[in-house]
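This is the structure I want to talk about, given as structure tokens.
A, B, C, D, E and F label the chains in the order they appear, each numbered from 1.
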Amino acid sequence: MKKGIHHHQIGEQVDAYLLIKTSKKGIASNGKPFLTLQLTDKTGEIEAKLWGISPEDEATFISGTVVHLQGEVQDFRGMRQLKIKAIRPTSGMDQVKADDFLPSAPRNREEMLEEITQYIFDMQNAKIQRITRHLFKKHQKAFSVSPAATKNHHEFVSGLIYHVVSMLQLAKGIAQLYPSLDKDLLYAGVILHDMAKVRELSGPMATQYTVEGKLIGHISMMVNEIEEAAKELGIEGEEVMVLQHLVLSHHSKGEWGSPKAPMIREAEMLHMVDNIDAKMNMMDRALDRVMPGEFSERVFAMDNRSFYKPGFHQKPIDL
Amino acid sequence: MKKGIHHHQIGEQVDAYLLIKTSKKGIASNGKPFLTLQLTDKTGEIEAKLWGISPEDEATFISGTVVHLQGEVQDFRGMRQLKIKAIRPTSGMDQVKADDFLPSAPRNREEMLEEITQYIFDMQNAKIQRITRHLFKKHQKAFSVSPAATKNHHEFVSGLIYHVVSMLQLAKGIAQLYPSLDKDLLYAGVILHDMAKVRELSGPMATQYTVEGKLIGHISMMVNEIEEAAKELGIEGEEVMVLQHLVLSHHSKGEWGSPKAPMIREAEMLHMVDNIDAKMNMMDRALDRVMPGEFSERVFAMDNRSFYKPGFHQKPIDL
Amino acid sequence: MKKGIHHHQIGEQVDAYLLIKTSKKGIASNGKPFLTLQLTDKTGEIEAKLWGISPEDEATFISGTVVHLQGEVQDFRGMRQLKIKAIRPTSGMDQVKADDFLPSAPRNREEMLEEITQYIFDMQNAKIQRITRHLFKKHQKAFSVSPAATKNHHEFVSGLIYHVVSMLQLAKGIAQLYPSLDKDLLYAGVILHDMAKVRELSGPMATQYTVEGKLIGHISMMVNEIEEAAKELGIEGEEVMVLQHLVLSHHSKGEWGSPKAPMIREAEMLHMVDNIDAKMNMMDRALDRVMPGEFSERVFAMDNRSFYKPGFHQKPIDL
Amino acid sequence: MKKGIHHHQIGEQVDAYLLIKTSKKGIASNGKPFLTLQLTDKTGEIEAKLWGISPEDEATFISGTVVHLQGEVQDFRGMRQLKIKAIRPTSGMDQVKADDFLPSAPRNREEMLEEITQYIFDMQNAKIQRITRHLFKKHQKAFSVSPAATKNHHEFVSGLIYHVVSMLQLAKGIAQLYPSLDKDLLYAGVILHDMAKVRELSGPMATQYTVEGKLIGHISMMVNEIEEAAKELGIEGEEVMVLQHLVLSHHSKGEWGSPKAPMIREAEMLHMVDNIDAKMNMMDRALDRVMPGEFSERVFAMDNRSFYKPGFHQKPIDL
Amino acid sequence: MKKGIHHHQIGEQVDAYLLIKTSKKGIASNGKPFLTLQLTDKTGEIEAKLWGISPEDEATFISGTVVHLQGEVQDFRGMRQLKIKAIRPTSGMDQVKADDFLPSAPRNREEMLEEITQYIFDMQNAKIQRITRHLFKKHQKAFSVSPAATKNHHEFVSGLIYHVVSMLQLAKGIAQLYPSLDKDLLYAGVILHDMAKVRELSGPMATQYTVEGKLIGHISMMVNEIEEAAKELGIEGEEVMVLQHLVLSHHSKGEWGSPKAPMIREAEMLHMVDNIDAKMNMMDRALDRVMPGEFSERVFAMDNRSFYKPGFHQKPIDL
Amino acid sequence: MKKGIHHHQIGEQVDAYLLIKTSKKGIASNGKPFLTLQLTDKTGEIEAKLWGISPEDEATFISGTVVHLQGEVQDFRGMRQLKIKAIRPTSGMDQVKADDFLPSAPRNREEMLEEITQYIFDMQNAKIQRITRHLFKKHQKAFSVSPAATKNHHEFVSGLIYHVVSMLQLAKGIAQLYPSLDKDLLYAGVILHDMAKVRELSGPMATQYTVEGKLIGHISMMVNEIEEAAKELGIEGEEVMVLQHLVLSHHSKGEWGSPKAPMIREAEMLHMVDNIDAKMNMMDRALDRVMPGEFSERVFAMDNRSFYKPGFHQKPIDL
């Protein structure tokens, strides 16, 4: 199948290689075991049920396996589901590998690292620049592949860096319009704000929260890291505290995880820029398979709203 | 006076012409009448009390009068207040006129009208273009001088058009970054969203809510106007309803005045762009007289927060 | 079966003609397709599952079909459900038609139209009277059959007009008690407040929200219609704005869909009268099959409360 | 003065007898003592300040004293205030007595007691009737003069009984419209719901909460009284518990003082009828001195809203 | 099986006697009936499904029956579930009785009654002592076996008295630290606060809310009982009202069921002590089967949080 | 005066030495300058106004000065206020010093330090012990004099250490009752939870928030300090993260300043113990001047409640 699982409509036949992202055993209401498979390729994900499984099936169809599958896309309570007609594990003969099936950012990793490096290079304030560069270098590798979340938005390979690069572009436009903004501070805030997600999340495959992620969280971790970086680099001055404040307040409110509300112009702006990029990512995903004149599935993280594609807009490109 | 009332610090002497924006009689705790004067020049406002007034004073120092005043800026419960030492009404001899004392947008009115006209000219969707142009022409005159609010942000002469032009610039940068956005729709939303403020508010001088403004509100008025414009222009099609939805939902939530939450991508973006420009305006104003290393007055409309100017930032230009 | 589906208790046998209101395909946990049927007759509704269906079944048992059905009422998680033993579509031989199976208001349509006409006739304020009559005439036909909602209360044929007539009777009693109320305004508010539901909802059969209903809503639509009506009739004066305010504020709070809270005595009263009639309708429905000394099912729209029928009250009439 | 203090507009001269309802000493910002007097006559209240008082003044102008006063009604921050020009205590010569100056219900006390007696007489359920009559007899005297509150609504002599009689009339109209309502229960609920206010409040003059009122509250007190009454009368059966539930739930929500939400049809209706009468009373008071085309003062207990009197409504009768 | 159902991990085999606490019939998605059994022994509970039942099964496996069962503990959506392999009802031969299978407090009933008696004996204030003793004697029998709730915490045989005794020990330590606390009042509050749960709940087996429990609630019932007790004992004085206030306010807020917030020092402390004991009970239960380094199931009544057992803590004793 | 300013009732004469804690200039409504003095001695605080001041007065009566003062305690809107009759600065002759006038904890500083040292000494877990001891030593000096807050509770010299010692005693009693609690963890949490208040607040005299206190807050600071301490001591293992979690979550909810809710048994208990000690401190202070049968002033930080002292309780000792 050329077009990728994300683009299949209800009722279409599927004959494709797919990666098992997660596999979970359940007991059907007739008492028989089954597997709930989360299947993925580059374009997106779909859920499938494998009914009446044997112990061998259970051992075979595990997370990380690429399978060849035939079936049909069906509607299950308003969500797409893949009805399996035939499924088999792949072997060397199939010439497929798991990495090729993980959704990832639409831009090249190296290029994005390069772009961030340039933003850091252009900073005027040496203290801000050195702390940002130090932490960027320290986490560069994990940073370039980590997702930005386990669900909702940017939850794919390199989602974190893609989110950061988009925010930098947004921030650049905004900083041009409002000259009172301190560009160095704003860009450093964008680069650092979610960096500790490389510790909060378990990595790009089967992403989960780590214990430390649950008990401490990426915000407090990053505040610690900035403290440490400044110590290590021998940097003193208010820049350290101000960068910590930006990270600390980027969720804006206590009930959203920030122990302090933004009290600096660039901190408030960081929160708004984060918001725009996250929401555009969610809306684009919700709407990209929707036909003009119809509503999308509900988007839980946006107050469970359903979005409408006006009748005078275009059809999805590949339909 | 060269520097303008907005730039005077606590303790400084003032010797200047000022416009009485509002004048309100009160009874002091010793039983004597006094006036609370809201005084203004191009740069900002300050409050002053005129104690122990005579009936003549009451008749002289009324809203709209330009006065010559000598006094000192003092601190009153964390707010600046002007202590009056001498005050007199002006006459033809003084060669001053009220219009020159009203704060107004920092950009030229004609230039801003021109800029909006260009955005409308560039629209591709003829229906959206025609409705937007029709309403823009209809309200152009009031639109170019109206404030955007009675307080909080953009509450000065031409505040509304200045807010709209800033939002258009923001929207342009964002639309370049996210190609899924319909530029025509987003720009039309920006131009129309607050246009009925020309009816909701009483105009640039001593701005108040009109009765219609209180009972109906600018959102519902504008939805009506779009309906009417479409009827008049013989335009049918979903564009009409979608434009109405953008206006209707631009406050985002019921408790903020929008009877419908945004359900279209451009509606959500319109709300966020509106938010950014309003908040930048409020923060800039709160911070522009603050010295590095100090906190601003509290900003009521931003959860009553006080903003900090980092010690490594610059002093206000004129201090 | 004489007694109607609404009056069957758990455990009773059913042998009856019923109309399929909605039919929805699902996939059972054994992988087989089934239909969830919402079945109705004049007295009410019940859900049923049709297991293990063939493609022919799927094509036959669709919305709008009258079927003959044998089965038993069972309890499913505290809700009644109909277990199907036998089901067949009807033909001309059965001499049944869909219209006879839709629940509808307990009063005669013509009589209710007549009653509203009389209220309009009695109005003293000519402007209010003319606008109300104009819009009543314009929508009269749809108005007389439309439900007032898709669920919760008055969601049956002619539910809207029945709700309005009940509210008029309530309003009349209240206006007698409080002479400061403007009867014309209050009655006009009652008649117009929900009138745009004829556009917000898709009609009496398989009622759904229209796109316009979702994006704009009946409140804003009706404000538009009053504006237009006044224009068409050449009516000017505060009556127009005040009527719009009554419609605009009848949900009372922003979070309940009203962009303005009631600011006029009659607007506040309109909201309270609406509330009483809606809640009585919901409680009556919840309690009418409940035995004395027992609790009803939970009523979602009334804070998910369950209502008690005191032991000294009467049994339901038909049990 | 014929017209009563309630009807004086800003700027009018006053020359009248008035009762001092409360008198409170304060220290002016010049360090001198003054009195804040709450003055009243049958028509309403007004505040006045008596500046620069002597110890004799302080001993003379106390709560409960009728004074003769000359002055002018002024505006103080949007509220009316009476500026005192001359004030003296009255003596036997003036032939005035305090009782004649307290605002009280617009209906005759005996007539209202009679009306309630009739509602009780007509009850069909003997248990409900006996309990209601017992408690009505027990508290009759205090019940007929008690206010219903210390502020907001019905806070005048006989305010409680007036509130109850109005609610009974409302309830009667509603019960006719909805035959499923148990009239006995609803009327008993109306009569008993606030009866313990005779213990919660300190009486008609200088009304305050009692200690018991603050710590226990009228709702729990009345539940106790119903229990006791039933014991005393030897009444058993669910009627006792159901009456208690009506009293217990009449504030509808936990955060409004009801430990249980209404779970019986008549309990829900009792709450709504209470609401209507309280709100009408507040709106009527707010609006009765307002000119057509203007807004009232803000009504704190109604979400701090200000109410509008449409331009096509009548002027207050006595202006 | 020696170790008790509470201590079985996922994957373990079970061969044990268990009591059916509740048995509920359902219809599987294949249309066949099944039973959902809540099974219990002294150590805790587990759910099991009995598929494809006959009418005989339905009549046999009812609430209150002790069964012999073989099966395996499985994971069902994060909760433990018992998969039944073999099940049979027991007979006299098995020598088991239902009482031995109900979870109950870990302390001896008589000993706890004795302990409470001692607290009452030590009271200094005779009025408080007599009322407390009177009510304790009156309800002693039910009080010593009643659970404290139907779920969440202390929902086992003698849960109520165990909760009270723990709270008394807590209160004793606290009263030593803060000498301003009135010990008599605090202890009496602890003993009486939940005593009416013996009327609100249906008893230790298959515990449910009574009708009176739902409509009136244990708080209002107990306020009534204190009133009555005082009458019966001829006790007057503020102690009666203050004890009522403690009971009335022990849920602290209106939305949690208390019509009055605590306004007395001991009332506030009573609420906090109640809170501590309830939360410790919930956390201990959630964590006692959890391995070090892992998270518990979510605890609904504690904001749906999941609790972590640090890696340096000990394994559960019996694993 | 022997008895201390805290114990003076309304109407009493004062002739005493007092320390000026804060002095703030204002402009009276007659245009003249005055000072608002916050005066203190060991027993408490009182406000006074000094009217009609000269520039010399302004320079003399500044924060930190001990004055001799004669006056009278008066009531100002329900708060006590001191009316000044005579005031003079003190000289060497008076033999008074500022330190003797600051309210401070009722226990000896050294003794409290000793007590904490003992708790640390008794810890079993060496990692927890070493981190706690390290930080306790590091901040010992400031920790032993710092207040715990700027207002509400424990806002006096050594308030922080007094709060911690009280909490340790509470925690000890609780840990005895619930053996599942890890004593080491709980005690360490108590000792460390507020320790960074020595950086968040400016110290015991004229206590204010520092810039760092406002932008970062004591919770995040302490998490940093634990990280650093562990690094310095070469300690690894989950204890570090768990201690950080206790500090991080001790305000319990996001909206109260904790970015993570408690997810460990001892974290939840730490929050509750903190709560008890803070609330007892506030209630004791509110009630200690209140006569039996009366209500206290409102306590803002406890939902603005007013507390009642039962009539059967004792009079304040010194009245």
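Criterion: a contact is a pair of C-beta atoms (placed from the backbone, for glycine too) under 8 Å apart; a residue touches a chain by one contact, two chains touch by 3 or more.
What you are looking at is a predicted structure, and each value in this text was computed from that prediction instead of being measured.
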Any chain in contact with chain A as well as chain B: C, F
Pair exhibiting more inter-chain C-beta contacts, B-C or D-F: B-C
Chain centre separation (chain A, chain C; CA means) in Å: 44
Chain C-chain F separation of Cα centroids, rounded to whole Å: 60
Contacts with 2+ other chains: residues of chain C: 29-30, 211, 214-215, 242, 263-264, 293, 295, 308
Pairwise touch network: line, ring, star, complete, or other: other
Touching chain combinations (by label order): A-B, A-C, A-E, A-F, B-C, B-D, B-F, C-D, C-E, D-E, D-F, E-F
Of all residues in chain B, those that touch chain C in their complex: 211-212, 214-217, 219-220, 223-224, 227-228, 231, 241-242, 244-245, 248, 253-260, 263-264
Residues on chain A engaged by chain C in the complex (per definition of touch): 28-30, 34, 49, 51, 74-77, 81, 83, 293, 295, 308
Residues of chain C defined as touching chain A within the complex: 25-27, 29-31, 211, 214-215
Residue ranges of chain A touching chain B (in the complex, touch as defined): 125, 166, 169-170, 173-174, 176-178, 180, 182, 185, 237-239, 242, 261-265, 268-269, 272, 275-276, 279-280, 283-284, 287-288, 293, 295, 302-303, 305-308, 310-313
